[in-house]
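Two complexes, one shared chain (chain A), two partners (chain B, chain C).
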Partner chain A sequence: MLEENSHRRPWLLLSPALLFLAVLAAAALAVVRMSVDVPGHGWHGISLSGYTDLAIPYYLKSLWLTLRLALQSTVLAVLLAIPVALAMARAKSKLARRLLLTGVLLPLLVNLLLQSYGWLIILGPGGVLNHALLSLGIVQRPVQWLYRENGVLLGLIQTAFPLAALPMASALRAISGSYEEAAATMGASRWQILRHVLLPLAMPGMLSGALLVFAYNASAFAVPLLLGGRRVSMLAVLVRDQITPLLNWQAASAISIVLMLATLAVMALSQKLVHRSQHLLGKTS
Partner chain B sequence: MRSTSLPFLRRALPGQLTCLTGALAALVLIVAAAPIIVMIIMSFGASDTLAFPPPAYGLQWYRSAWHIFMSPDASDVLSMGQALGTSLAVALATMFIAAAVAIPAAYALNRFRFPGKALVEQFIALPMVYPMVMLGISLLLVFNYLPFEIGIFRLIIAHVILALPFAVKNCAASIAGIGPEFEEAAYLMGARPLRAMFDVVLPLMRPGILAGMLFAFIVSFNEFTVTFFLYDVDTMTLPVWLYSRTVSSLDPTVFSFAVFIVLIDFCLIWLLEKLVGDDGVAL
Partner chain C sequence: MQNTNIKRRNVMKAIGASIAASTLSAPFVNAYAQEQNFKGKTLRFLTWSDDTGLAALRNIAASFSEKTGAKVIADRADGTSGMVAKLKAAGSKPQYDVITLAGVGASGLADAGLLLQPDLARLPNLKDVAPEYRTGANGFGVGYLLWTNGLIYNTATFKAAPASYEALWDQKYSGRIFLPPPSWVEAVDLAIIAAKLAGGSQKNIDPGFKKLALLKDRILMLGENPNQVAELFRTNALDLGGIYSPAFFPQAIKKPEYNMGVTYDMKEGFAAQLMYTVIPKSHPGDLDLIHAFINHSLDPVVQGKMAADVLNGPVNSKAAIPSESSRYVPSTRQIAEKAQMHDDKALAQVQSEWVRRYTEIFSA
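On to the complex of A and B.
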């Protein structure tokens, strides 16, 4: 009954959502067009100078920095998310589940600006982190965290790890308990079960979480702006610099296109690598 | 890692939460909440420095925040009250528009099979991986070339796009749990499709719809990056207003405003979980 007259109906129902996404697509095209614009001629003429101007060490360094920080934060965020996701999938009591979910959602949803203010206090020269490190004797002198890559990396991991934890938790929850029981009956230790049974089965969830974290952090803006200042100039911050003080729309567009393409390339590559490795695993085992 | 194999510890059954995992998870979550916790403690401090922990406690920052809220000084471009009003208006509009857009979309994706469906699903998830700065600059380009001013709708359109994946996924999750037999029963009893939708499907979908709406509200209320590109003096949201106050120096009054925002967020998230229940949040 639902299937009749159903050629146009789904599209009719989808049309409001597609309208908003069409704005997104049109806006993306506008950026592509602007990035090959001749400066000062407003939509007339085409030049690639926006891109060729980017081939200087300043921008190349920033691109490398952006991809490196995004990659590092992704790996660390996924590792940190494993125990959290396991606990979310396993916790039986209702209160524990709610507390876990609140704990995961807070860093993701609370305004990044406000969280960065918190980091400013923690990471400052006389801040909590340095106090702790000094009193534990790990370092002799206060470490400079603010306006350094390390501080930005900490902020990126903290604000993005929920994106890794949530898909991983739902992937783990979907794994039937009988696999674990089978492994345990055959004498596998808890660590072996996690390493050889749970994590491989949860791989698709982990991968989609990792890709979300990577995309989110590659284009991170608020965290490097506040914790990195002028010293850790990730690409997103450079885009803003080109617009506000410089009004160089062409360069800003070109940088954001490069950022988008680099992000997509890394995502596609990692997806391919994971698929291939799973394929190989499937063949050998 | 192997402490569970020690004989004097009761070995947890497979599938149960071990102490080690629980402790690690708690540790990670506490560290992740550290910036928020530190900020809350700072807001009760009573010294002018940013040293932590504050040497003395008091409510002076709350008093000065209240003073700023009640009698804005002329040096501010915009009062906090106006910024809060803009934030709430944008968030409410985003919430309702996102729901109105997401419900039919989720229904279509769940109940129909049609060519191009996988593509549409990918397209709807796109805003989650679309670089925020690129969204900001591209919408700014488009809005600047519009022949007319759309004012606050600049922000609303951007926020709806950002909230769309969350709203659609939460609605879709709740439709997936309702079998088509409910609608079929309604049809058999003579209901028209629209009536079946409004009287049968929508009430059953309520938790998912409300969760999607709350998500949209929270995303919009806390959005900084895209708004930072798109705002102008008349449409400043609360986060942008806070940033404009602290761009030269960090004044602890900000922490008491921040605590106020975090409190709102916390209530909304708690409410969200109440609605989403045990299924977890769809992401």
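On to the complex of A and C.
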């Protein structure tokens, strides 16, 4: 009897979480079902037209743009996160660590709309940067930083930065200082220690951060909308177009599924490549 | 003496009312009677969650409750698609008696067989509404406001408001103009305007898209976020844009520091779309109450207040708009002479393709 109870207990404890996951899964399945609706007939019948209609340059270009911007923002966010994560991991003072953590978390704490106004004030045609450049005579007309791909890329990096920095800092903090000391004793420079000791050891944290950034940015909606001036058509924006004003839930669902599958495929592929390269590195060393 | 006067006045009123009742047609009298007898009854009203919805609650729902004693329970949805989704999700058991929404939503719901056709004879205020604005969505919607789009211009740059849409193609404003985003119906109307300027029409739209393509490298942005647009006018980064409704920034446009003005006096006219009130087929409330409510939304005073608050055009030709708002709202003369509405049914067939073409043209 006691043994039976001890078998049940983990499931009982897990049940709230499982229930929550079941609701999420049901919502996702409803989207899958809507993507194969027959237009105008709701859930009566099945049609793949939602998917076949996507095989045109308009959507393919948008998919490519979405994956490209997500990838670029991932690489740049990870590169920028390395020094910040190192500082967070190595900071001795509690205050310094807290300040760094607050700074990194700010993009998640501040409303995205507010952040976009911040960028507008700094980078807009009448913004601080253009004002300075014009006053110094460096440019004759305001430079267009925003409402282009560059503006969106900047926003993607900024908003997803904590997702890259936090897992990396956590992974770096877990590496014992003795490895660095040993490498330094053997004459390795700071750069060599970072390149050959710290980064390979922190690779799992870096990879999780990179995957989080990629997934987060591949589905970005607000950033391209606010900083792209609606001229950078990432796929999530096209999903919204299908819902409002076209009320085409079938197409919107099909685009969402395609975006989800493409993102999962890229994530799986990159994970596999990293594992393979680590395996090869392990063999050669 | 005073009492005698009051009594006499009351007697005169009663006689007057009897005479009026015998001369007026029945529905008008019914409507008057209905408005007085709704105490204890409840109407469920679905509207927008934005400023327009708040204004509807303030100017229509609250004043209706005050006037009739009926209780109005309001729910608000984020946009027309949200309202359509709510009504579709409820199926044959909708929770609403009246919904205010844009034309595309009204047509979609009508096509899905979810609406009840209103009895126009029970809406006496319709007599002051021009026939083309009375109904739509196959007769299932009653027009209650006109969403009107003009050209937004920088009051610091323009000495006089532009008089033609051709100003958008004027090279001197290159890099300092904005256009509506592709998913908005304003983009559709702009394509039609461009087509007309280039010798085409709604049915022959290609010249319009060719003309719009000339603006690809001349625009600063597509105005998806009205607050950003207002900010860009404030910092003098924009000179001109549209077509766009001042209803998107009803507060900012009235502040001089934002340098924004709107004009509807283009020689080509201006685009307008009817917004509707509709009745769900299986409404839970009293049908007399519902008609009285819709009729109240068409009252000239209510229409004037709504137009002033949300900067939309009134459909009631007798609506009086307070002077502080009148320069942002087309006058009843302008509406009668210059308002142009696109063919909703024909548009539904091509809108998806047009959104795609517009997006492709202006992709950075």
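FYI, the second predicted complex is superposed on the first by the 268 of 285 C-alpha atoms of A that agree within 3 Å, B and C clash if a C-alpha of one lies under 4 Å from a C-alpha of the other, contacts with A are read in each partner's own complex, and residues count from 1 in each chain.
Assume a residue touches a chain if its C-beta (ideal position, glycine included) is under 8 Å from a C-beta of that chain, and two chains touch if they have at least 3 such contacts.
All of these numbers come straight from a predicted model, not from anything done at the bench.
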item	value
Chain A as common anchor, with chain B and chain C clashing or fitting	clash
Of chain B and chain C, the chain that contacts the larger number of chain A residues	B
Partner chain(s) touched by A:126 [first = chain B, second = chain C, both, neither]	both
Touching partner for A:147 - first (chain B), second (chain C), both, neither	second
Which of chain B and chain C A:233 touches, first, second, both or neither	second
First (chain B), second (chain C), both or neither touched by A:187	neither
First, second, both or neither for A:58, with chain B first and chain C second	second
Touched partner set for A:212, first chain B, second chain C, both or neither	first
First (chain B), second (chain C), both or neither touched by A:246	second
First (chain B), second (chain C), both or neither touched by A:114	first
Residues of chain A at both interfaces, chain B in one complex, chain C in the other	116-117, 120, 124, 126-127, 240, 243
Contact set on chain A toward chain B in their complex	1-3, 6-7, 9-11, 13-14, 16-21, 23-24, 26-28, 30-31, 34, 80-81, 83-84, 86-88, 90-92, 94, 97-98, 100-107, 109-122, 124, 126-128, 158, 161-163, 166-167, 169-170, 173, 177, 180-181, 183-184, 189-191, 193, 211-212, 215-216, 218-219, 221-222, 236, 239-240, 243, 249, 252-253, 256-257, 259-260, 263, 267
Chain B residues touching chain A - in the complex, by the definition given at the top	1-2, 4-5, 13-18, 21-22, 24-26, 28-39, 42, 50-52, 100-102, 104-105, 107-109, 111-112, 114, 117, 120, 123-124, 126-135, 137-142, 145, 157, 160-161, 164, 168, 180, 183-184, 187, 218-219, 222, 224-225, 228-229, 239, 242-243, 246, 250, 254-255, 258, 261-262, 265-266, 269-270, 272-273, 276, 278, 280-281, 283
For the chain A and chain C complex, residues of the former touching the latter	58, 116-117, 120, 124-127, 141-142, 144, 146-149, 225-226, 228-233, 238, 240-241, 243-248
Touch list for chain C against partner chain A, complex	79-81, 84, 102, 104-105, 108, 175, 181-185, 220-225, 227-228, 231-232, 235-237, 351-352, 355-356, 359-360, 362-364
